[in-house]
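Pasting the structures here.
Next, two complexes with chain A in common: one pairs it with chain B, the other with chain C.
Let's turn to the complex of A and B:
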């Protein structure tokens, strides 16, 4: 009991701060997606503020493609987060009785949702890059 | 407002941003669809007004969540929430003005 309250207090105080975002080694891939979601979110806020300050400001050709990677990752992973929040494709909870059984969060439909989000990210980023690198220079 | 309501609105604005943001991107980057969208400037201004509101809510709430997580303190949470709300409303007012000028309404 003592150890449990100490454990809870440690996490309530958020002692790790920002470095805790990257404590991902013992978790599933979603932990990396979480860290990347926060970083891309902060980068998007920085871009949006610059874009507001000078209307229509853009970082330019290749940087626009990089901006596309940042934004489309945040979008694709955000769709995954909304699905998880609303309880879609989470899987039935499993009462673990044998060591061979693993929780649905590790071996369930969630794994496919992660793959779906990453594939969606690649497709959207490719479309964005096409517009940034091919269509925009033609428009002038 | 309850924290759960704030986060629910965070998800609602996320979906709004995907829709209105896509319209904004097509209007400025696709020669064919862009011309169709900009043919109706009033509707496009409405789209941008919704986009701006949703984007500011989502962005500032995201920053607020990170900030209150950094310092888990009731007083800090309260003050940072009010400060972010005021900064957000001011930014929206200024942003609407900029939009009106940029789209030729003022």
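Let's turn to the complex of A and C:
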């Protein structure tokens, strides 16, 4: 009986739950960034917990590079988010709208900021990977 | 003039013919589309199920038109909500092929694209009322929570106005965009934060909070801050911008929320909000009369 009412409640509430974070296919690229930001954030917290347990612990060569990807993505996209939250690159409210006006906050300067964040991510991740895979092993 | 008989205006025959042809073209059935419709009555059914209907659609037919045909001819029990049929009332938002859209503003062929199936579901992240109709109780409560009306301290003037409040076009431009909201719920439904946080105020309510806060006639910043500057308020938004993407009215709530955050940050650094606009003396009118 209990299970049945829970089952009913699940459908009646119609909440997407965690799968809602990743339902990005039909939306704009910001939605992918949102999903990736969530995952990388959670992974960073997990790593930091392990890191607290033993500060000397490092996952090792390739995993270090992966950690780099996670951290640098979160940094680059984080910069984009901070800029947006400070009101940069989201445009000004319109006084005149076209018929079926598209939002200026995502189709204006924000487009360039997204590209900038992605380029920054690739550059930072490459530098990190270079250190993790080439410089670190050389130094032993 | 009065004696002259009003002539009935007749379209020139070639224009009439062209118009008839265009309208025929628009309403001529062109393709068979399969509609997959979500059926669920939480008071009766154990689980939702899908119903399929096939319909010959024309180029001009909207999803709402198709639904009404289905309701009239095939399944009278189909539950849906609509009112204006022209994108003004915000009743008919639903998931059309997985994306929040107004049924009355979306043409079937546009939704179907190159495929021939249109899948209709009630709005995500809203409780189901029945079939395609969602329950908006909590959505409206969230809207009410941000006090979407002009708040002022001068009760005397507010209750017995002596003239209109002063406002320039530039000041008007700060919030005009957000006044177009029709409370269709598409934005809250699309928001990934709302998918897991039931109490998140949501893009609609937050954009309206911003709309009133920057209105120069309003003096309610402090009252509203206790609502928006909270755990379930504007800091929950991480600019996925899906709300702006789906908004059928170009309200751009994501922009409003970011600007709201900016305002809150500025305020933490000592920024003073605008002084509420004064009432213009109604003298101007009186003088003209005299």
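In this text, the second predicted complex is superposed on the first by the 120 of 140 C-alpha atoms of A that agree within 3 Å, B and C clash if a C-alpha of one lies under 4 Å from a C-alpha of the other, contacts with A are read in each partner's own complex, and residues count from 1 in each chain.
Criterion: a contact is a pair of C-beta atoms (placed from the backbone, for glycine too) under 8 Å apart; a residue touches a chain by one contact, two chains touch by 3 or more.
What you are looking at is a predicted structure, and each value in this text was computed from that prediction instead of being measured.
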item	value
More chain A residues in contact [chain B versus chain C]	C
Partner chain(s) touched by A:139 [first = chain B, second = chain C, both, neither]	first
Touching partner for A:17 - first (chain B), second (chain C), both, neither	both
First (chain B), second (chain C), both or neither touched by A:109	neither
Touched partner set for A:85, first chain B, second chain C, both or neither	both
Partner chain in contact with A:48 - chain B first, chain C second, else both or neither	first
First (chain B), second (chain C), both or neither touched by A:75	first
Touching partner for A:93 - first (chain B), second (chain C), both, neither	second
Partner chain(s) touched by A:126 [first = chain B, second = chain C, both, neither]	neither
Residues on chain A lying within both footprints (that of chain B and that of chain C)	12-14, 17-18, 85
Chain A to chain C touching residues, read off their complex	4, 7-8, 11-21, 23, 25-28, 30-31, 33-35, 37, 81, 84-87, 90-95, 97-98, 100-106, 110
Residue ranges of chain C touching chain A (in the complex, touch as defined)	40, 42, 46-48, 97-99, 122-128, 134, 169, 172-178, 180, 190, 192, 194-196, 198, 238-242, 244-247, 250, 252, 254-256, 258-259, 261-262, 265
Contacting residues of chain B [partner chain A, same complex]	11, 14-15, 18, 25, 29-31, 55, 59, 62-63, 66, 69-72, 91, 95, 98, 102
Interfacial residue positions of chain A with respect to chain B in the complex	12-14, 17-18, 38, 41-42, 44-45, 48, 52, 55-56, 75, 78-79, 82, 85, 131-132, 135-136, 139
